[in-house]
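Each of the next two complexes has chain A plus one other chain: chain B in the first, chain C in the second.
Up next, the complex of A and B:
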């Protein structure tokens, strides 16, 4: 083809060599990416495809709406609770159920815990290895590493002996030949820029963050009854409060509340003394690598979350900001109406689904999930073994959601841009401070690095909000309010014959929505639009490319056989395809394969 | 001090036989009582998030659907250093991070189980989304449970059957899950030709 101009401002050209990366994710994989690079190895065309079929909707039909959360909790291996919360909110919205204040506080604490936990795990365990060279860490001098660590943070685990011990363990591990999670790295690639000492410090904190999980998961056990897979309840939360109880099974007592409180303190400390100093130190070495902004500079979307008062989804009641920004106009933040059929629509012109009229988009209330696996004429390979996709035809199991026709980016960076545009001090001030410390302009925020930084700042904000809601919960309990659930409309005979509702959360990786239609007490239609559907969407009928695709455009790839830059940018979205698409690859594909043609 | 034992069922119950490990864990939780240093856990498809539990165990007993190329629905057991190879099966796995990686990371952290025991089943069908265990694999639940109980008994930590069967109404309880499934006419069950059995391509 000759160059094509997309309506959302990108120039696509597929004349150059094609690079295929499959799969892209280390977690819940099943995402494929193909790009064309020009003679200077600069990406001039990008194609992102979900390689699994999506079908949660069809397995919920006919089931009890009060059970939907338990199924949705199983569609993803990472953000279980956030799907469950979205689901109970959708049912409550449909049936007009109001929840008690304590339930709101507890749900917020659980959701914020997930944000903080997920961001931490993402940074250290799923993304750090795109910036940190583990093998280089073996060359580090423990004493110099200790000096570096002490210069950037008061965190006590920073002695030369400590780093010496980490380096020996790492050496033994690498020499054993079983690299495990470090097995697929492009170690030694010139795109890695940290000195050995910074690499060793990051590896030490990689292990400390893994260890810290054992504390933070206890919060879900206290409030959700068990973990993994905490319990949720339409109408509130399924835990009883009994402040005077001693060791009572299931009830939340003072001892449990104090336990949560101390874990919140540790979470704030870990984020502020380990995560953020590491983030800033690493960013310092990459601050001229400002690729990957994609749609973030123009179109971002956040539904908002964390209601201060229960049952109030109005914009000013949400502590994670709500709104849409289009065409890069930060002066105007639009309100998003989840139920307006003209606003959120999903298109399937380039997705392996069938609509009666594919020129039109469908609002989730009218959503249809009818598979149609057909390949374009220019596909290379066979139906069961695709070598190159044909992006002019259908090429992904992900639908293309659009807001008023615009492709949007969602996630921590989107939330932070919306919050920044609104001038929310808790968001704007830390962003300005980080940019000033790094000597970067605001435009630097619209990048892969900006996405990674926004996630870190948000982890800190969320940890402080955990403190806020824990204190609020305790004072409410002390004032005598022990209510955690509203069961007035529990029985289906209290429901209308037909009802419909929408529930949203801000999942760690972005705006998540569930839309439900209930008929005769059963689920009649259920549609989810998950964050990775927004970010990983294929082209739409007008030719707008999605957020992943946009983020790769015009990036220089140092070595096309080792496309570290592609992985770095796509990982910065924290993509999670299990819930946006389904069905696994038939040979597992543990190792990312790269093909250059 | 008696060892801390973690009985961990892993897999995704929305994908037919891939739910075997979770069904084993659910049955053990529902029907058996164990001494307090034995934990039975439905690990689902959680990968890295299981590390806190794995690192605090001395003996880890894993129930899982693992593809080791045997006859469909065969039960297999492995111990200690033989276990990780099964968990790396290059075949279908929805576990986000392979469980082998979880074990490797525990080793790197210098914590984790000294002894491993795997009770696995060779899946018949892992592509029936929203479906339950196939009959042949379901018939292996009781034998698998018996094997796990035997391992616990060897450790001096035998479990015993609950007298009254403490069955709670759980939405994901196998009977409920199967009974409420929408029909194939109501809910499309086909997907990508790359993943479908030959006759549907």
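Up next, the complex of A and C:
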């Protein structure tokens, strides 16, 4: 093809060399990325493909709506719990069930726990190696590393001896020749910019964060019994409260509340003394690498989450902001109506599904999904050995959702842009401070680095909100309210013959929605549109590219054999492919059985 | 990158990473107690670890949700960090590895060649067989192809979680992708099933550590699960069992009985039919488990648990076997059949060294 202008403002040109990254690692699920670079190794065409499909909503059809949380929770074990919460909210919306205040506080604490945990693990274990050169850390001087660490944070593990120990362990590990997960990384690539001391500090914190993350999730274990995949309940939460009487040890009691409280304190401390100082230090070395903005400067979407009061979905009651921004106009934040058939629609022109009329989009209440694995004429390779995809045809297991026809970015950066545009002080002030400290303008936020920074700031905000809701829970108990579940409409014979509802959360990766139709006490239709469906979407019938593809455009790749920059920008979204690729066949479909050999 | 002629032993690596002899022995003691073994086994574990190289592990992902990986990194004893960096060599794992694309593929190839017949294949998720396998594509090819390929020269295969062991949620009716448990596509290797959605972290690391320490696969039940962790029902060791025996039940969520921690049987608890270690090992370093936090067990380590009615339906077939009855006995009697066991003692030798074969215990 010659150059193509997309309606959302990008110029695509596939004339240059094609680079394939498959598998894209350090993500959840399976994903492939192909790009074309020009003679200067600048990306001029980007193709992102979701390469798995599980069909969970097909499986949900005909089941008990009260069980749906457990099924949908298994959409993703990384953002564990957020689908379950979205699901119970959708069922409660459909059936008109109000939950007790304590249940709202406990649900919020669990959701915020997920945000803090997920952001921390993403930064250190899925994303850091895009900025941090592990091998360079071998050259670090422990004393200089200690000085660096002590300059940026009061975190106590910062002595020269500590970093000397880490450095010698790392050296011996590398010399063993069995590099395990660090094997074959892009070490030494010129796109790595940290001095050895910053690399060593980051490696130390990679290991500390791996140890610490398992503590945060114990909050899920207290309230939900386990992590990953804690338990939830339509109508409230399953854990009862008993702080006084006989049998208190069988419920949420003072010891349990103290355990949660102590973990919240530790979480705030780790984020503020390790995560954020590291983030700012690393950003300082990359602040002129401002690629990767993609759609963030123009179109972002957030449903909002963390209701202060129970059962109130109004915009002002949500502590994570709600709204959509289009065409880069920060002065106007639009309200989003999940039930308006004209607003959210999904398209499949370039997805491996079939619609009767593929020029049209469908609202999730009327969603149809018929798998249709077909490759374009210009595909290189065969049906089961793909070398290059043909993006002019179908090329992904992800559908293309659009808001009023616009491709949108979702996630921490989207939430922070919406919050910033609304002037919410808890969001705007930390953003302004970080930008000032780094000497960067607001526009620098619209970048890979901005996405990574927003996630860190959000982790801090969420950790403090955990404290807020834990305190609120305790004061509500003190006021004599022990209720954790509303069972008035538990039995299906109390339900209307037909009902429909929608539930939302802000998952760590962005706006998440579930839509349910209930008929005769069973699920008649179930649809999810998840964050990575938005971000990882293929092209739509008009040719708009999605957020992943947009973010890669015009990025310079230092060494096309080591496409570090591609990983860096894709990882900044924290892709979750198991989430994104499982939409429903409304009418069921004939399943071809194949013989198991 | 440098490679050494002789792979380092586990002990070498631990010592070189600054672990003292004393800490090492303490670790062996903790491992022994984690495996419910007596102090007499500490020496056995120590000797095995002193003489063994780090075993390469290739960890593949099919159709799954990554909850098994997430659970694994929650392990408190041993720490996930120590397992991944010191005890074994995690040469391939899409979720954690630095490399991507063809550099990642090269890691797989290198280990398969260099450690032919001596690496462990760990599988999270399962292969879909419909649509020529293209419901799960890795490197442009069907995942099932990669699975068969990587299994070919493995010493043993671990099926992490319910997806790999039983099919789990994507295999629930009507299983639109024909998601298939791995033992149906890998038929010539010992497979250790570690079911659960996900399995408990310390059970996962316990199984791996057992294999490294004793140089054999654990004793398995007829379904292929390690008896040491899956030999008893949750109900058998549940701390709420006295309330069951006394007829004290939660009748409705958040009722007085729920606040007193009574038995959850009437609100659907599947503890009486679920074989797992939740009521003994518990979750997240022993903090709690589903029943302790007020929700019934949903039976996530049992085959087809998604298709056995609502999670809130009461278990109707309460068998009367005592605590001694494991899944095999219950299953055999229930099926009216005898003698269906499998050879679970096919001890495999992973990266074996002649001088410690005698250490294997049975």
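In the analysis below, the second predicted complex is superposed on the first by the 570 of 597 C-alpha atoms of A that agree within 3 Å, B and C clash if a C-alpha of one lies under 4 Å from a C-alpha of the other, contacts with A are read in each partner's own complex, and residues count from 1 in each chain.
Note that in this section a residue touches a chain if its C-beta (ideal position, glycine included) is under 8 Å from a C-beta of that chain, and two chains touch if they have at least 3 such contacts.
Please read all numbers here as calculations on a predicted model, not as lab measurements.
After superposition on chain A, the partners chain B and chain C are seen to clash. Chain A is touched at more residues by one of its partners, and among chain B and chain C that partner is C.
When both complexes are overlaid on chain A, the residue A:370 reaches chain B alone and has no touch with chain C.
Shared-chain residue A:181: touches chain B and chain C both. By the document's definition of touching, both partners, chain B and chain C, reach A:213.
Contacts of A:239 after superposition: chain C is touched, whereas chain B is not reached. When the two complexes are overlaid on their common chain A, residue A:229 makes contact with chain B and with chain C alike. In the superposition on chain A, A:490 makes contact with chain C only, not with chain B. Contacts of A:436 after superposition on the shared chain: neither chain B nor chain C is touched. For the contact definition in use here, the residues of chain A common to its chain B contact set and its chain C contact set are 26-28, 51-53, 55, 58-59, 63-64, 66-67, 70-71, 74-78, 80, 121, 125, 169, 173, 178, 180-181, 207, 210-211, 213-214, 217, 228-229, 371, 373, 383-386, 397, 578, 585, 588. Across the complex, chain A meets chain B through its residues 26-28, 51-53, 55, 58-64, 66-67, 70-71, 74-78, 80, 121, 125, 169-170, 173, 178, 180-181, 207, 210-211, 213-214, 217, 228-229, 352, 369-371, 373, 383-386, 397, 578, 582-588, 590.
In the complex of the two chains, the chain A residues touching chain C come out as 20-30, 32, 51-56, 58-59, 63-64, 66-67, 70-71, 74-78, 80, 121, 125-126, 129, 134, 165, 168-169, 172-186, 207, 210-211, 213-214, 217-218, 220-231, 233, 235-242, 245-247, 249-251, 259, 371, 373, 381, 383-387, 397, 482-485, 487, 490, 562-563, 567, 578, 585, 588-589, 591-594, 596-597. By the touch criterion stated above, chain C contacts chain A in their complex at residues 1-4, 7-8, 12-13, 16-18, 54, 56, 61, 63-71, 73-76, 79-81, 84-85, 88-91, 93-101, 103-104, 106-107, 128-143, 145, 168-170, 172-180, 184-185, 197-198, 201, 240, 252-254, 258-262, 278, 283-285, 287-295, 298, 300, 306, 310-312. The residues of chain B lying in touch with chain A in their complex are 12-15, 41-52, 55-56, 88-98, 100-101, 104-105, 107-110, 126-127, 129-130, 170-172, 176, 180-182, 186-195, 201.
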